[in-house]
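Okay, so subunit A shows up in both of these, paired with subunit B first and subunit C after.
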Partner chain A sequence: MTTATTSTKTATFVRPSFLRRLLDANGLWRVTINFGILLAFISLGILAPVLPLQNPVKPNPMNTLQPPSAEHWFGTDRDGMDIFSRTIHAIRTDFTLALSSVLIGIALGVPLGAISGYYGGLLDNVITRITEVFQGFPQILFGMAFIAAAGNTLTNVVLIVAFYNIPVYSKMVRSVVVPLRDVEFVQAARVAGNPSLIIVFRHIIPNALVPVFAQLPLSCAYAVQMIAGLSFIGLGVEIPKPEWGSMIQVGANYMVFGKWWLSVFPGLALFYSVWVLNNISDILKSLWSKRV
Partner chain B sequence: MLETLREWGFFLGKRLAILLISLVLMSIITFSVTHFIGNPVYLLVGPRHTQQMLDNMIRDLGLDQPLWQQYLNYAGNLLQGDLGVSRYSYNPVMRDIRSRLPATLELSTFALLLGVLWAVPAGILAGSRPRSRFARIVDVIAQAGVSMPSFWLGLLLIYVFFAKLSWLPAPLGRIDRQYRTIAQVTGWYTIDTLWAGNWNAFVSSVKHLILPALTLAITTSPSTLRIARSKTEEIMQSDYIRSARAFGLSNSTVRRYAFKNMLAPVVTMIAMTYGYLLSGTVLVEIIFTWPGLGLYAVDAMNHSDYEPVMGVVLLSAGFYLSIYLLADIITALIDPRARVTK
Partner chain C sequence: MALVDIQNLHVKFHVGHDTVYALRGVYLQVERGARTAIVGESGSGKTVTATSMLRLLPPTARITEGRILFQGADLLALSENELRPIRGSQICMVFQNASAALNPLYPVGQQIADVYRQHNGGNKREAWQRAVEVLAATGIPHPEDRARNYPFEYSGGMAQRAMIAMALVCSPQLLIADEPTSGLDVTIQVQVLDLIQEVVEKLDATLMLITHDIGLVSAVCDRVAVMYAGTVMETGSVSQVLGRPANPYTIRLLECFASTSGEKMPFIPGRVPDLREQWQGCSFAERCPRAQDICGREAPAVREVETGHYSACHFS
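Up next, the complex of A and B:
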């Protein structure tokens, strides 16, 4: 990655590799454990259909609400579906929804922030103000209102989560772009006769990519939490489809009667995945903060 | 003196203008969602309707008027505090909201207090000794707290303290049934029961409040903690603290200097947390059947009753923006640098 700050070093300086810098700033253990768990989650999710798991959506009326056993590691739920298998399959649902909503948010937020930061003035003011108002909207509640109006579909859930990611990225990119506006290499590009949009997309946005990538896992963590929260109140994911939030919801009523396994296991998976994503975002941010 | 007054005038003027613009933008967004995305007409006329019924309903709702006229009607109603009528309870949404607001306010205020009480001291301590074991433990707790889904944590607490230990009452509402007749003065049961001098009722209300408040405190306090921690760390390494130490000022004096500078960002974060809490209680309210705004909105949504949901959204967004303004003013009171408008 070519950036403004590193290309001016003397010839004898060899920039340490990406991995080296990551390990130096965070220690071997922290990096290995967090990336290891994330990798485990992702590969379990990808391999779920070929792993020897029980059918995650097959009800069994003869075998409902069974506590964890050798046959059903995490027990069975209200309809007799195997909770272990459902928890694993839910990785697919949650991670896919979260990642796609975050990617949409990036695709819209990054150019928006770059343009508002580069042009400044009235346009910048308007965009900044609108994004601030968006952020003031209560997430779960506005999500509810939007989905109630637009229809209870997965697409709408992804859209509403993406909508909350736009201001995050536009703000961040804007803060990177503003100080770069008058830096020499940008001026050089301008003097050479490049149109503004080329300058923004080819010369300025690449500088914002490191913080954007450091933010990505954090946004995914929020997105997973929000998607689970929305499906907990019955929005988006329909019940037989394995998803952590709706699984917790099914188990919620049994918690007071001491049947803990329905909610605890999907909740643990949700908690761990969000935690690991948060940690990884912190680890990646160390790359960024060292340079500023 | 005059200079300070002018400074304050500019500052407050700008802030208020921003608030006003934000409120207008907010109403445009909610207006767009209600008018472009959803179409309440079909819900109102039901599935078996004639074209005549549809036309009448459109005229009754004023949907045949030009768009700007519709928006002005909408904004005018909002200004008069008219959020529409609930199609389920047949009450004006504003009245329903007013009767449920104290429950949410009580819960979020206690959650905020619980969170701040531990997060600020812990953050300062961890920040002044950033390499210590204590700081590391605090980091882990904070990270775990943010990652915890609030509705799941609430369920775990219910399982432990109600289902297993039976120390606390069932997660059904704000107070035991027999005390529900207590005179409503503020709408806050913890205060009203004390006002009535009914100690048992007070204990009952606290027992009902403690788990939802704790749940929210654990999940929302880490952001305050992190700000307090990183600001303290940053300030303790700054030049003026080093100078103060070099002058031989006592530790307590140095700490006082540092504290004053750390306060402004921490206050902002606490205010933002409070703004978030008012709507962020929704999932926890469901778990504990806490009859507040969130539960009201969810119930309304389940009855395809649209106006209450939008009313609660508008109210919490407005509350968030106002609290943000308040935080800016407090910051300006604490830190003169924040008053200078560019």
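Up next, the complex of A and C:
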């Protein structure tokens, strides 16, 4: 007993590392597989231009609609372009578009939610109602209308998806900020004479970011789906540029003729990326909810 | 002119469908340099009075009537922007739960340095130096290392010291300490109180100590105001109020504290009135042994019993 007490006196509690807690909460396999696949996706996307792949946008009229072979692992499409190379290159398009739209959504949604939660009252009501109106509007329809009005460019696609991320983050942050508003350290910051904007950006937002990080991969998954969906109906990414949605759309016409490889491979890539991002969001959530 | 002059302050809270009348006409004067204690039971309105002064009341609260004059200016009439320079640099507050009053995401030293720069400018290095100095001045061991620690690495007593250090860099004219020692060990309580007194002396500031511990009052303060159910019952110097209490409530309250040897602890019969109701007469009438008809009909006016000693009672 005496030895036990003396040993506890000297031992100090060391917070387990981020990775340690991640593994403890989710198990080795779940973490390795999901992060492994995501890492593979990302590194393939980054390395695509230097990998020994065939040119993803070079048509070959002599070699269209070839089934998978040693030369073309995933076969070729309507224009004779190599589907394997296109699927890999599409990671670049889809992931960058998705990530940038989510980051824009966070950059605008987080301050908006924090301000609406902190100030409350009329301002809060106006911001919340406006974001609700946007959320209630059908997204594909909004996308089509926006692109019809503003032109079919990648920037516009990013803006549309970003736009739909703003309410997600503003509402989430607002829900965390409302209870934080009357917490003692916020009161203390007000007593110290800080202006409201400094309180919001320095004391409130950093304390409200935890759910934002857990939501980020989920939003990316959603954004990948949305971008692929918009391209599928011909909005945004135009055809020679490799992108999963438009590749699936081209292949869809040939499905009935038994030329399955045109749609299935980009479809699988889309499926796995969304699945992995969802899982990672789940893994991160379990980590943070355990802490509370 | 008194440093703080609270006149007829009324505050109500909307809680669900009920309205709680928390303050019902508070009159309170704090002279410059005086150490004033506000004592009272839970729910008597001590903290509400203090938080109204800094306009930190929760959104459910409304100040319906009254004025709070600070150096002659009405704090309730100022805009947020006009109030900001007063908060911190002129009025500072030490909270009950100091560990919660520090932002968990930044090192303690940095938070103190931020407050310093807010009020005095200067570069980061200077501010950090100053933060370490004040931490040292408040008796935190190894201040250079401790300044780099996060609030969760501080004990309750250390967090309270850090809050006092923060008040020290602000050098306010008025320091409000809202139950600064509750939740601390008795030995630490003494140290924290000594430290508060030391700081007040060093800054030549005025102290408002909010407490429910009458023992503290005589140890720390010169003047005392006794609150009950949203009104101030009695004010005066410590020796007057504790030695020759004039108000029946104070008399009964002190009886409960005085007898420590007794077989049975004395108590005030009856219950604190329901603050959701409004009444005409004296708040203490129902429990008062001296109550007459007039006590239920008319709120007693404040009268001066002796020089500087005021009591709100028809019969004192």
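Assume the second predicted complex is superposed on the first by the 278 of 292 C-alpha atoms of A that agree within 3 Å, B and C clash if a C-alpha of one lies under 4 Å from a C-alpha of the other, contacts with A are read in each partner's own complex, and residues count from 1 in each chain.
Everything below uses one rule, namely that a contact is a pair of C-beta atoms (placed from the backbone, for glycine too) under 8 Å apart; a residue touches a chain by one contact, two chains touch by 3 or more.
If you're wondering where the values come from, they're calculated on a predicted model, not measured in any experiment.
In the superposed model, A:Ile130 makes contact with subunit B only, not with subunit C. Judged by the touch definition given at the top, the superposed model places A:Ser101 against neither subunit B nor subunit C. In the superposition on chain A, contact of A:Trp260 is made with subunit B only, not with subunit C.
Within the superposed three-chain arrangement, the count of touched residues of subunit A is higher for B, of the candidates subunit B and subunit C. Applying the stated contact rule after C-alpha superposition, one finds that A:Val183 touches subunit C and leaves subunit B untouched.
Legend: residue contacts after superposition of the two complexes on their common chain; A:Asn34 is shown touching neither subunit B nor subunit C. Of the two partner chains placed by the overlay, only subunit B lies in contact with A:Val274; subunit C stays clear of it. On subunit A, the surface touched by subunit B in one complex and the surface touched by subunit C in the other have no residue in common. Within the complex formed with subunit A, the subunit C residues making contact are 54, 56, 58-59, 80, 84-89, 91-93, 95, 97, 100-105, 115, 118-119, 163, 166, 170. Residues 129-130, 132-134, 136-142, 144-146, 148-150, 221, 225, 228-229, 232-234, 245, 248, 251-252, 255-258, 260, 263-264, 267, 270-271, 274-275, 278-279, 282 of subunit A are the ones touching subunit B in the complex.
Contacts from subunit B toward subunit A in the complex involve residues 18, 21-22, 25-26, 29-30, 33-34, 37-38, 143-144, 146-149, 151-152, 155-156, 158-159, 162-164, 170-171, 275-276, 278-280, 282-283, 286-287, 294, 297-298, 301-302, 304, 306, 309-310, 312-313, 316-317, 320-321, 324. Of all residues in subunit A, those touching subunit C in their complex are 120-121, 182-185, 187-196, 203, 206-207.
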